[in-house]
Amino acid sequence: MTQGFFYPRTASGRASLLPSPPWFYSGDLLTVEYRTDPAKVAALLPAPLSLADEDPGAVALIWADWQSCGASRAELIDPVRSQYKETFVVVRCSFEGRTFSRCVFIWVDKDFAMLRGIHQGYPKKMGSIHQTRPHPMPQGAPGFASGAQFGATLAAGDRRLAEAVISLRAPSESAGFVNGHPMAHHRVYPSIAGGGDAYVELIESGAEQVQIGETWSADVDHMELFDSPTEELADLSVDEIIGGYYRQIGVVWNGGRTLARLEG
Amino acid sequence: MTQGFFYPRTASGRASLLPSPPWFYSGDLLTVEYRTDPAKVAALLPAPLSLADEDPGAVALIWADWQSCGASRAELIDPVRSQYKETFVVVRCSFEGRTFSRCVFIWVDKDFAMLRGIHQGYPKKMGSIHQTRPHPMPQGAPGFASGAQFGATLAAGDRRLAEAVISLRAPSESAGFVNGHPMAHHRVYPSIAGGGDAYVELIESGAEQVQIGETWSADVDHMELFDSPTEELADLSVDEIIGGYYRQIGVVWNGGRTLARLEG
Amino acid sequence: MTQGFFYPRTASGRASLLPSPPWFYSGDLLTVEYRTDPAKVAALLPAPLSLADEDPGAVALIWADWQSCGASRAELIDPVRSQYKETFVVVRCSFEGRTFSRCVFIWVDKDFAMLRGIHQGYPKKMGSIHQTRPHPMPQGAPGFASGAQFGATLAAGDRRLAEAVISLRAPSESAGFVNGHPMAHHRVYPSIAGGGDAYVELIESGAEQVQIGETWSADVDHMELFDSPTEELADLSVDEIIGGYYRQIGVVWNGGRTLARLEG
Amino acid sequence: MTQGFFYPRTASGRASLLPSPPWFYSGDLLTVEYRTDPAKVAALLPAPLSLADEDPGAVALIWADWQSCGASRAELIDPVRSQYKETFVVVRCSFEGRTFSRCVFIWVDKDFAMLRGIHQGYPKKMGSIHQTRPHPMPQGAPGFASGAQFGATLAAGDRRLAEAVISLRAPSESAGFVNGHPMAHHRVYPSIAGGGDAYVELIESGAEQVQIGETWSADVDHMELFDSPTEELADLSVDEIIGGYYRQIGVVWNGGRTLARLEG
């Protein structure tokens, strides 16, 4: 009898790359929201999803600097196992009359984060992700103050894919609207024999026990997406900046539910 | 309509982390075969698998230094996308009277290799993997000659997990027997709602178009497995060394077939 | 005419790996102070240095998580160029009747930090360094509170070299005494012809514009040094824990002065 | 009494990041030679160097995939300590009527290689470097054959800086002429007090015991240099391709000699 969430499964379950949910997160999010051509968003929404009714071309490009752990919290004192960064692209979509958020591209920098994504339906690749950290000492860091600048970059395959610089404007209630709905993701598992998927479903999941800290609106001083032969991020061209945000957050993720079983 | 093998899926499929199989590989394998307590192997074999009839405690610890690509071969000239290394642990097992090989632990150093593993049923984590490379110039490298020494190391989570040193003995027909059967792997996809798996199957897959190059038997000068709070590799303790091998190989992987659908 | 601090030097100086000092730093320091055999410290002090008069076997093992920049502050918004981590070992020594701190071993994770060290006389190698970060949201991180646990690890050459876990006890004026003096470092440049050094000097340097933030004393719950064939850190064995500390700090470094020119 | 080449220096010398020379290398070099504006080369040649008399705008952009070690050869069986890659840019220059090669920019991926460069006068930064490897099995790699394609890429600071693709043409005696002379490098050590250098010299060094293996001329199918705010590589614009080469080589480096002591 073997046990362990996802894999590897062993008698004790100790070697499993992931503990069972719930998973616990504390981190900082740097967000740039912008508008692209809604047709480009629609092209990323497979059936049975459709474009959101309002502002369907809105996109959120989000950098996140996390510490996370399972229920034992053991990862927190061996921080190579708890710290990771990610950059992800969120759009909105509609399913059966409800509006969902949906991550269409995402890069992370640790294996446990990549495997979580496969469970949650995030299409995770590995990348090199950096974002400026706030610090109370001003010598080599910005603080939480109007005009403080934060930069963020993403690279994968030894190519820079995105960069942004924001300047904090004022404390804010909101950190944007694109990533504010439950996530609607496809979970897919290709068939081992080829020719389609062995398993496909549309699932919904969301954050629990959300706790919000410092939240600032920001001006977007700079934002650039770069082309790559293996990426389509730059195709979501930046037609109009909506706004920038910086937020500290704590959150728990504890599974989701199937919205629809689909044909592979 | 979106396309792309596994994910992300887009209108063009260009951003997909993996091309569809077949996948093409050329590389070098450094193998140490040893015996551990068969009960430890049995503990890693979930139903419906059982211990192999002969030499059931045999284990192969294998380092591999690969270049690989899809049918377009585009990865080969952007080598950050084709080169990767892995260390994996293979045992044998029995299913319906046939003997299979089975990978019980594996570490790789690139995301595309990790995602391939999820498709193929290899329980891949990320690690830091190194093995000495043969080179025709002797100043800073061994060649293919009796007595030439090759080292290999594996680390994950900033801990060294395994190291081996072998000395080539003589050209050999064989590179060991543990990794010589079709692979029998579980493919699992945990349920998004918790409480078991949404999809589980036992699959069989194997290599096609295998082409064998230099193959040497070797003495195992050194072999050590190290403990880690998140690994169980060292529990497969080295009771008796069987032998060492070095081999150059080319291979194609093009899917497999389901042996049994299982309950999640 | 080429310009640029250290190298490479070009007509514009733009490609230089380092801007000219001053260099500006904001970061978090996790410190464990302990006593080892003073003879082991003495063995690391070349002439003309000698052991400090009081508590000569005291050692500080310090993890630091930095953002840093030059006068332009350009690095701060391209954070791959400003963020780095380091683990360093500090002892004290005496020169001409004054007590100095001295870094005897240090690992960093960025090239610009390594090159700064060669300028400043820090014997920097590259390593993989992690330390728990405080965060205001408790889901996946400790905060500044009594009992909050922080872990720290160091690896190099794919081997873990050190790990520590501390629990915050109470706000503190002090963050230890070992790293509290100006640094006395040897700057050496081996002769290109072999047989000694082309240039050797003993220099003194220190921090300017030091600004102290949150500072906590801590219990040291765990502390272990690991052996490696290429390191001597573990030889500075932990005979007695003095104490643990966590501190946020901002500082400027702007050069030093020669204490003594030495024979190579 | 402490010992050890460069640093750190200890009683045993065991922890030294580098063994004393000689250093031993085996590896593969992928070279693209091209012409740029000679004025751009001249701008990288500080006094007392001047442009080479013939073909003064010739540049070699070279990728190298090395294994290296000291006299003990211990690094070879712990290959994380022996394997590294580098990309470097070589021009020629004239000093006292002799022609020298000179490395003006270079990136490596290991700390020991970076420290060697500081000793040898190579202006080394850290980068991410990849080049296609030849392999006897054709499934996932090119071999030594006419038309076989090899790619090479360089990134630093999460930006791609250079990429090239060559196709082997025919076995060749030569692997180019730009990197064929003894190296003339400045060794600099900035003053700790600011305001110039504490030590500067022009040195000459070269390879010993050079052993040449497979050498092929090649067509340059693709070659691109990319801009970066912290690099000047792209300023050496590719006006005319001279040729491409692939070579396997073994070499020993054992110090050099001072050509001129210079004012700091």
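First chain written, first letter: the chains are A, B, C and D, and each begins at residue 1.
Please note the rule applied: a contact is a pair of C-beta atoms (placed from the backbone, for glycine too) under 8 Å apart; a residue touches a chain by one contact, two chains touch by 3 or more.
Please read all numbers here as calculations on a predicted model, not as lab measurements.
Where contacts are defined as at the top, ignoring chain C still yields one piece in which all remaining chains are linked.
Although chain A and chain C carry the same sequence, what matters here is overlap: shared residue numbers make up over half of all numbers found at their interface.
Judged by contacting C-beta pairs, the busier of the interfaces A-B and B-C is A-B. With centres taken as mean Cα positions, chain B sits 30 Å from chain A.
Separating the CA-averaged centres of chain A and chain C is a span of 35 Å.
Each chain gets a centre from the mean of its Cα atoms; for chain B and chain C, those two points are 40 Å apart. Within chain C, residues 78, 80, 128, 130, 153, 158 each touch two or more of the remaining chains. The touching residues of chain C, counted against chain D in their complex, run 1-2, 5-12, 14-15, 17, 20-21, 43-44, 46, 74, 78, 80-81, 104-105, 110-111, 114-115, 118-121, 123-126, 157-158, 186-190, 192-194, 198-199, 201, 203, 205, 229-233, 254-258.
By the touch criterion given at the top, residues 128, 130, 153-155, 158-160 of chain D touch chain A in their complex. Residues 24-27, 66-69, 76-80, 82-83, 128, 130-133, 135-142, 149-153, 163, 165, 209, 211, 213-214, 248-252 of chain B are the ones touching chain D in the complex.
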